[in-house]
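These notes open a run of structures that come right after.
Two complexes come next, and they have one chain in common, chain A, joined by chain B in the first and chain C in the second.
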Partner chain A sequence: MASLTLDKVRKTFGSVEVLKEINLAIEDGEFLVLVGPSGCGKSTLLNLIAGLETSSDGEIRIGDRVINNVHPKDRNIAMVFQSYALYPNMTVRKNITFGLEIRGVASSERDKAVDDVARLLQIENLLDRKPSQLSGGQRQRVAMGRALVRNPDIFLFDEPLSNLDAKLRVDMRTEIKKLHHRLGATIVYVTHDQIEAMTLASRIAVMKGGILQQFDTPQRIYENPNNMFVAGFIGSPSMNFIDARLIEDNGRIAVTFENNGQNVVLPLQNNSPESYRSWIGKDVVFGIRPEALTHKRTGSDQPDSQYVNFDAKVEVIEPTGADTMTVINLGGKEIVARVRPDRATNPGEMMTFSADMNQISLFDPKSELRI
Partner chain B sequence: MADIQTYGQNSGMKHTLLRGLLYLVLILFSVYYLFPLFVMITTSLKSLTEIREGSLISLPRVVTFDAWDYAWNQACVGVECSGIKTFFWNSVKMAIPAVLISTMLGALNGYALTKFRFRGANIIFAMLLFGCFVPFQVVLLPMSQTLGRLGIANSTTGLVLVHVVYGLCFTTLFFRNYYVSIPDELVKAATIDGAGFFTIFWRIILPISGPIIVVSVIWQFTQIWNDFLFGASFSSGDSAPMTVALNNIVNTTTGVKQYNVDMASALLTGLPTLLVYILAGKYFVRGLTAGSVKG
Partner chain C sequence: MGASSSTESNLMAGLQRNLSKIVVAPSFAASLFFVYGFILWTAWMAFSKSRMMPVYDWAGLRQYERLWQMERWHVAIENLLIFGGLFIVICLFLGCLLAVLLDQRIRAEGVLRTIFLYPMALSFIVTGTVWKWILNPGLGLEKMMHDLGWASFKFDWLVNSDFAIYTVVIAAVWQASGFVMAMFLAALRGVDQDIIRAAYMDGASLPRIYFGIIIPSIRPVFLSAIVVLAHLAVKSFDLVIALTGGGPGYSSDLPATFMYTMAFQRNQLGISAASAMMMLATVMAIIVPYLYSELRGGKKNG
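The block that comes next holds the complex of A and B.
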């Protein structure tokens, strides 16, 4: 087990810069998830840590050891691949012990190690099968067993669940999380699925276009996204963005935007950051998550309440069972509100909504950064 | 069914007629291709007098293997009259090492070109590919000079070298195309497991190359065994391969023309490649069409 530090790591392919000065540091036992859309450089970053590719610049350290020029086999890492990459010609047992065998571990020790891992992953009955005789979920387990058996400093996972069906994916997700708790291992995990990132990570690194957008705990990333990309990428359904303007209304800062020829004024909380003041009179992007936008709540009529009411026409409703996603048109945009099913109305009807002003974000429309 | 119902009896007739025509054409072509083989086999089983008296297509009245025995043990190749058997072994001694070495090197090339990509790998592959299109005749003179300088002219070793060099383009192409479909992650996983270039090759890549090894072996064996030009150019006398010996038997100008011996010699020469196709032809087709390896 060890900590991992990436210091100003860059990677270029020819003249294309795929990673731009990545700085990341995680402690021993942390679960880091690299998340972002395809082509954001997250897999390249993982390959750099694994040593399958070399960085163009910067330093990668495991513990206190600089590993830039260390061969993958000497980095004491293990990796689980998206396609599992099981050796098709070997049995499950051979697959798991191959790394130990190459490293010259005695056969009695190998047998013990494979038994331990098989018990942990419940694959004891599969040990003599070939990979082609296994289901997707079983292959996934074997791939993890191959990583676990080596007892490495750091585990690297490259989209390990994306080849599984939806149900199995959720099960395996829980299992990986349990495994992490039990082993206390340091894990770096690549995914494009923000739900996987949120559920698994102790810290998330959101990437886009080779640039690290934000590196923080899941909850802080969710509540205080650095920019509009992070705000839109994390969370499902994604955050609503409305083009608005910041004004001063009766001594309180408020966002205002036009809706069906009327001005909607939503006063901000008194504890809003001071920095908002310099934006009075300027255009902003008003961001609010669907769950902060819901049916009328009790106590929302009090003047200093965090809830602000407004009326809007319901366009479409999408029931999910637990909540009904209600699409309304607000400020010329389609906005999703998360409404309790018993409070939802039919499309075409007017409904009073309540915005939780404690859970809003304001962004600079030009730089898209958080204000 | 729908067709038959709509067009009734008439269409059924038409269908049968077309079917019949199809079979007729197929049978005609089969006869056309198999007829020479039939003549060769029957002639080789007749005695010389029977050949002189009977017609070309008649079956032998008395089946005799004398011609086969004579071709194998006594036929005269040049001034040496000890049959084609020594030359058969020459061919074996040439073909087996040449096939194995070129297949092995082709596998290594394909592996390096796809899984350990280096700067210029594409250019090297393109150049190797170009080698497939160089006609044999072009390399005859430079090759004979090279063999002379290496001191292996007129020897089986020299022929092995020639065939390995010439076969490398094809075997590399086969293996390269096969390995392209094997996921790179397999090699990455093995690298992290601590295996090096050759360990990965021996322990992981080669064991899953079965189908393409069969293709390469069949292709190379057929090419090398059937080769006449290189055999005639770079060997002489005792070291000549079977194809050259066959030519010398058939083209002798002295004495009576022994058609039955000629046919038996030709069949003996063609037998090994025929056997390889019959035994492994199924795998040949399967290997050529083999896609990605499921892991």
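The block that comes next holds the complex of A and C.
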């Protein structure tokens, strides 16, 4: 009933095209996260859905209803803003009920609605304060309360957590996720933080420069990024890219690149896509995530193992506790490998690494698209 | 040699350290003398028997009694209440309205803002003189309407003793409302745009957004504007002199013009000084609580 569809939506400001043909569709109850670097048009897209901006072209539908020309207040959408946008002259209670009051909801009903929402968000004791007397986290809750109380079809969040400190951000993130489970509401959530996107979303839309790069579930985006931008943007530390060449080696397709005057050859899995064949003899970008690049694993000596070993000199180590990020120089690039702390060595020493060839991506160096 | 050069460098260092104080000292002394010194002197005069020339013998509250017995002083006070009240209210209203309209991100905003703000750059004498021409029945608006064929048009407030004070209001509002607008506009621009968007999504109409949310949240600016306008009203002098000269008769006298007339035309230095002290008290009554609350507010925030 509250599914959301964006059909060839475009937005221009003057002669600048800020959004280029965005196609998105989510089901009722989905949690869509729009993620991308700042300035890529996420807020603009959200404003189009909210009705704060009008689209230059294309169709926006909630359920079967085209809402392009529907006034924001009639779209039954509520929005939580990055700056919270609480009404500074009103108490928390008034802030929450303002929208209901304008819609002509009876005062007894309003009181009940506020109480319900306040209990849900644990802000009962703040109801008579002014926004200026609240902390950032409390303001955030009030802003969410203001959205919740209206019981909208769709919730919009524009970077709601980016003004909070790191600890609170993680807590609120969990809370938003719980809230989503509890309410089953349809949510569109904007962030530039890929961790937020991965943890919250049922589906992620990655954007860059007004163009939708990829729209998929978090796991699929992580494992099969459409292009080098998505691959580098999602995941932390981000994916390593090595300029390499695809060759045929003893009947197996392999990537090869030069390292310290030696050729490193990493044979691909036998179940690699057929499309790789047409790239044999051509330059590719070899992408591998840090966690697929670790210390030497057991069984990695067997000939058809998914793990391929190679030696490299450790440049820098960055212990994080759980893992030690080991920086090595590979193919002229700084590459990060994720090593178990007890297997890490000191900078300057040689070490044997294993690459998990099941978790690799190949990209076209020109178009930067996935092969 | 070492000793003399070290005293010299000490001297230079001392000079360097105190340079700002030394530079400011003359003007500080001058303002101490000419402003605060003369305030004290005026206060003294108000308790003296001075008429044409200052004399220094004590007369107690005699001058204040005489002041409050004068019909003309009562007219001046009444005029101040009419003028000040209307001036402040109309300026706030117009300034606020203009600011809200300009806040709609219209195209010619820069030009309009300058146009509205320009009158503030003029001296009150110029404003008074121009409005004297405009409002003069034989010269300005009325004549223009007659020339255009509207023979029954009548606008003679300038020469009507019941209405002359309102012409002062018109001119003063014309001069100051742009300034008030600028104050409000700055405050409106400081309001988070997301608040407006949030209210819009809540379904509030534009007037409701402004009157229900934005204007209440910039209340401190109202206070500042009222204080600025109130003290402008109390010290209004040149505008009245240029526009009506306090006339017809003394029907548009304000305390400031009253004081001037008493001191320099009627040889009543004592009464004049007493009226000056009354004005000082009025201004203080406005400014001191304001400064107090500002300073205390500053401390609370800091």
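One rule holds for everything that comes next: the second predicted complex is superposed on the first by the 370 of 371 C-alpha atoms of A that agree within 3 Å, B and C clash if a C-alpha of one lies under 4 Å from a C-alpha of the other, contacts with A are read in each partner's own complex, and residues count from 1 in each chain.
Rule of thumb we're sticking to: a contact is a pair of C-beta atoms (placed from the backbone, for glycine too) under 8 Å apart; a residue touches a chain by one contact, two chains touch by 3 or more.
Keep in mind that this is a model prediction, so the values were computed, not measured.
After superposition onto chain A, the partners chain B and chain C occupy overlapping space and clash.
Judged by the touch definition given at the top, the superposed model places A:Asn358 against neither chain B nor chain C. By the touch criterion defined above, A:Ser132 reaches chain B but does not reach chain C. When the two complexes are overlaid on their common chain A, residue A:Arg103 makes contact with chain B and with chain C alike. Once the two complexes are laid over each other on the shared chain, residue contacts for A:Asn260 go to neither chain B nor chain C.
Once chain A of one complex is fitted onto chain A of the other, the partner contacts of A:Gln219 are absent, as it touches neither chain B nor chain C.
By the touch criterion defined above, A:Pro88 reaches both chain B and chain C.
Looking at chain A, you'll find residues 50-52, 72-73, 77-79, 81-89, 98-99, 102-103, 146 touch chain B in one structure and chain C in the other. Contact residues of chain A toward chain B in the complex are 50-52, 72-73, 77-79, 81-89, 98-99, 102-103, 131-132, 146. Residue ranges of chain B in contact with chain A, taken from their complex: 183, 185-186, 188-195, 199, 203-204, 207-208, 293-295.
Chain A makes touch with chain C in their complex at residues 50-52, 72-73, 77-79, 81-90, 98-99, 102-103, 146, 150. Looking at the complex, you find that chain C touches chain A at residues 192, 194-195, 197-204, 208, 213, 216-217, 219.
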